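Across the two complexes that follow, chain A remains constant while its partner is chain B and subsequently chain C.
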Partner chain A sequence: MVARRPSLAPLLLALPAAIVLIVFLAIPYANIVMMSVRSPGNGTPYGPGFSLAAYIKFFSDGFYLLQVANTLWIGALVTLCALVIGFPVAWQLGRGKTKLRGIYYAIVLAPLLVGIVIRSYGWTVLLGNNGVINRSLREWGLIESPLPLMYNGLGIVIALTHVLLPFMVLPIMGAIQGIDPSLENAARSLGAGRWTVLRRILLPLSMPGIQTGCILVFVLAISAYVTPALIGGLRVKTMAVTIVDALIDTFQWPFGSALALILSVIGALCVVAFARATRMRWKVAS
Partner chain B sequence: MTQVSISHLTKSFGAAPVVDDLSLTIDHGEFVSLLGPSGCGKTTTLRMIAGFEIANSGTIAFDGVDVSPVPAEKRDIGMVFQNYALFPHMTVGQNLAFGLEMRKVAPAEIAQRTARVLDMVQLGGFAERYPAQLSGGQQQRVALARALVIEPRILLLDEPLANLDAKLREEMRGFIRDLQKRVGITTVYVTHDQAEALSMSDRVVVMFGGRIAQQGAPDAIYDRPASRQVAGFVGQVNILEGMVSGSDGGRAVVRLPQGEITVPAASVPAAGSKAAIAMRPEAVALGAAGEPGWAGTVVSRQYGGNLVDYKVELAGGSTVHVQCLSATPVAPGTAVTVRPDQSRLWLLGA
Partner chain C sequence: MSGRILTGYCLLVYAFLLAPIFVVVAASFNAGNFLTFPPQGLSLRWYVVFFENEVFMRAIRTSLWVAAVTMVISTAIGTAVAIFQVRYAGRAKEAVRVAMLAPLLLPEVLTAIALLFFFYAIGLGTRTMAGMIIGHVVITLPFVFMNVSAAMESFDPAYELAARSLGADRWTRFTRIMLPLIKPGVIGGALFAFIISFDTFTISFLLKGIGTSTLPIQLFDYLRTNFTPEAAAVSSVSIAMTVLAVLFIEKGLGLKVHRF
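After this line comes the complex of A and B, so read on.
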């Protein structure tokens, strides 16, 4: 056989994507890395020369470490809530035989059709101290003073769960649609009741979708800016909000860059750890 | 061992009944095939026996006990699916153990029974593999082992060989049949492949439109089909239209455009009534032109290795398929005679 010369076609086909990634991802990241090790400025965004001042500031101040922990905690809670709420929805969409399937699908996708700013404002209308929920409860005489639904972690978790739900539902739905329906019958014929079928067959086989959905929602939750900024106000700040504060309000570019890098690295580590922990040994036959 | 009695079973999806007033008894240890084209209700019948579908009316009883209210998971059946339905996230061993775990069998016994059944399907040493790592034939045997390891009352097979290649399919026929005899389990086998049904079953039940068209031993179905439909579905058949011209003892004399022929008939129709004779392609012999028989011309020839199929156009206008051993080839265009084996003809009503 004649050895074929490696074709250039695959490389050429990958070129547009490579250019986009280099111009819009690699170069900006390199820029952020450079910026994070600049000296802090005095009245300017950054000063002359290089220093590790930004990192020292981060690791020596418990406030920022606590904020990272808080951000991760919110991310984890949002992921968990989205999973618990999203799984049955995904199930219904993936398996349901109802004629309303198209409508359900539209409802799930609806949050994506409205801009994130508008969605988050919507939640402030609902959750605020003078919002729909608190006012209704007060008028019905159920509460004296407003429930703290906004300007705290709870509000952020509620709003982010809603905003990010489609990113949980869609991958799980895909996984469920890929499960051969005869597996359920096979399990039943072997003596498994409904609950056992769900626990032993359907849930494990949905894992690829659950994994993808969890990673997407977690990553988007810890990096979300608009929703935490609007719902959390000045009292509860996530990392993304602090980063924007540093870059835009207090004009500390090196420190903001360092925070952004730290958040990226921590997020990536969490994703890798999660993927490792939920790794599957089996493969679906083609 | 279990006897299955189905009586007046009816199931509709929408308006049209898929299974229509079906009654059937399957004996202890019997191997019964439900044979029919797609949509004839054979799979739906099987699924109702399994408990996956609920009948609109009628009953299914195991050993005289009505199982209609019993859900699938409590019916104690072993089922092999067309696509095998192996759990992809479990190893072969875990797939086999699943049904035993549901029955709360002790782990030591599970290991022992799993190993024994895996040996039985010649897959000893495959327990640690995942289904995706097995060939189609191996997956098929795992599916069989998973159904048998629970020692079910009834074994149900839904087109289990449909996804295998031709050679493996033939091997598996004998394999499944042997295994079934060894275990002695009451078995219902659904297929649209007449060769499978004929070669494996104690009894073949031919179904059309949700009803039983004929049931009986494989040779009875093949040699004495009850209707044109059955004859046409189970194997190939030549049908020549003619008219009854008289009787000769227990035989009818039928006039065809090619000449008169006597056919065995249980009851001879009145002379002058329309009738047709049917014959299998292999019950017809091909002779040289001028020999006794019906004159005709070979139209086409299809070589099949051990057998050759000829299409012969008869002088009277009809076409006959002839199947014979491929000894001396006859080229298309050759004038020949066609001579039916008179003991292997049968009479069809108009």
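After this line comes the complex of A and C, so read on.
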């Protein structure tokens, strides 16, 4: 062990990072709260005084409440799809002895390395009315008019599930790797079938990974911007798209801030409700 | 038997994961005027169009420049705090880690909005690239931190102690002992910061200076109105650059990158 020095010099190592996080993260976040209670501007992003106009506008217009519900619904669907699709993969990666494991692992990580705009663009090529799927189905004579795969909630769910799947697979894989294989072997030797082992051993013991994965995917899904903007088009808008529109296109800064805060608070409430429902033991994911 | 079902299921998922990336790359070699898959004949014409498109070329140059500056700043700050966390933080070690990972856990769109208001409030605005680069530094910092702190954890303090007993001063110990030993983590973190900065969209979109565009922004704008395979060519080049960087890290330097 290196003896602890009484000197303050080591703190200098942490100083630049501390400045960045405080000045460019903590203070700006606090500033959003301030911005949301500014009065609406007239030709300017915000007015001189303070008011609750932004919140009143939100709660008095059913349109926005519906949009929040829609966004949460999409987030929940994406989380569920990612869990169903991701769990078997996490199991295979966490337990598999296959030689191809390295390649499979790389495939799971690959989407993280391709920019989000490109991945969403790939889905527009696949799902569009003249996209790969519709064109193929038409050429095979299975359908006459294109299936509505894009510019709706379905397309957003498919593409977001793809974009966020690694965030589900990786924590579950970590949890499964941490389960002692002898537990499964013991269950097997006592006559439990694969299904029973999965239900009684693997699922309960990998619960921390499942919880972390679900929370990550849900939070990222309800705040995603690029994918809903490209796939949803102008017809289906999620909260993140509306927020950015309010800030960039119509310059309503207080209203955009209020929307962002409301979305964050509702998202946080959902996470807490989920954690309580699944009896989560709070621990920071490693 | 059920093992085979699992494997089959997983292979389907892998196909799902690769499909959109594969389709974009395949479509970029399309000879036709419109984006179709399978391509109507092979051609590199859209790559030629792309390379002759000054708008996209300027965007690539901007992206590379921003990513390089971000990488240098982020690596310096992230390495320093990782050394502090592993070696000196003591009981605050876990707290420092959580704080450093915060930018990763907060929604990027919220961070971008927060910074946008803040820059206007302090009068920096978005007239210069400074705002965008600061935003990139904030979101890439966790990646540098994770990689360097992992390298620090496996670095045996006994080496440093030995150097000290032989009379090496602090600076010598840092440059001759610690830095060479944690170099793999530093380089891995730096390249990762570069890749994230090169690919990120939301932060750049909200914080970009007037008239400056990075490649993902330019692509996004283009995709809203155009459907030619040129976008596929742009995407393929961007993917190729990232893949090359990762191969360089993992094969060329023999490093394991901590992405998550």
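We adopt the following convention: the second predicted complex is superposed on the first by the 255 of 286 C-alpha atoms of A that agree within 3 Å, B and C clash if a C-alpha of one lies under 4 Å from a C-alpha of the other, contacts with A are read in each partner's own complex, and residues count from 1 in each chain.
Methods note: a contact is a pair of C-beta atoms (placed from the backbone, for glycine too) under 8 Å apart; a residue touches a chain by one contact, two chains touch by 3 or more.
Predicted model, so just to flag it, every value in this text is computed and none were measured.
Novice: I'd like to know which partner A:201 touches here: chain B for first, chain C for second, both or neither.
Specialist: After superposing on A, A:201 lies in contact with chain B but is clear of chain C.
Novice: Report for A:192: first if it touches chain B alone, second if chain C alone, otherwise both or neither.
Specialist: Once the two structures are laid over each other on A, A:192 reaches chain B alone.
Novice: Who does A:178 touch here: chain B (first), chain C (second), both, or neither?
Specialist: So A:178 meets neither chain B nor chain C here.
Novice: So which one touches more of the residues on chain A, chain B or chain C?
Specialist: Of chain B and chain C, C contacts more residues of chain A.
Novice: Using the superposition on chain A described above, determine whether A:102 touches chain B (first), chain C (second), both, or neither.
Specialist: neither
Novice: Just to be sure I read the superposition right, which of the two partners does A:124 touch: chain B = first, chain C = second, or both, or neither?
Specialist: Once the two structures are laid over each other on A, A:124 reaches chain C alone.
Novice: Across the two complexes, find the residues of chain A that touch chain B and also touch chain C.
Specialist: Common to the two interfaces on chain A: residues 284.
Novice: Within their complex, state which residues of chain C touch chain A.
Specialist: Spelled out, the residues of chain C in touch with chain A are 2, 6-7, 9-10, 13-14, 16-21, 23-24, 27, 34-37, 76-78, 80-81, 83-85, 87-90, 94, 96-100, 102-103, 106-111, 113-118, 120-121, 134-135, 137-138, 141, 145, 157, 160-161, 195, 198-202, 205-206, 216, 219-220, 223-224, 231-232, 235, 238-239, 242-243, 246, 259-260.
Novice: Can you name the residues of chain A that touch chain C in the complex?
Specialist: These residues of chain A touch chain C: 1-2, 4, 10-11, 13-14, 16-18, 20-21, 24-25, 27-29, 31-32, 35, 45, 85-86, 88-89, 91-92, 98, 104, 107-119, 121-126, 130-132, 135, 159, 162, 165-166, 170, 194-195, 219-220, 223-226, 230, 240, 243-244, 247-248, 253, 256-257, 260, 264, 284.
Novice: Help me check something: in the complex, which residues belonging to chain B touch chain A?
Specialist: The contact residues of chain B facing chain A are 50-52, 71-79, 81-83, 85-90, 98-99, 102-103, 130-132, 139, 146-147, 150, 156.
Novice: If you look only at chain A, which of its residues touch chain B in the complex?
Specialist: Answer in residue numbers: 180, 182-183, 185-193, 196, 200-201, 204-205, 207, 280-286.
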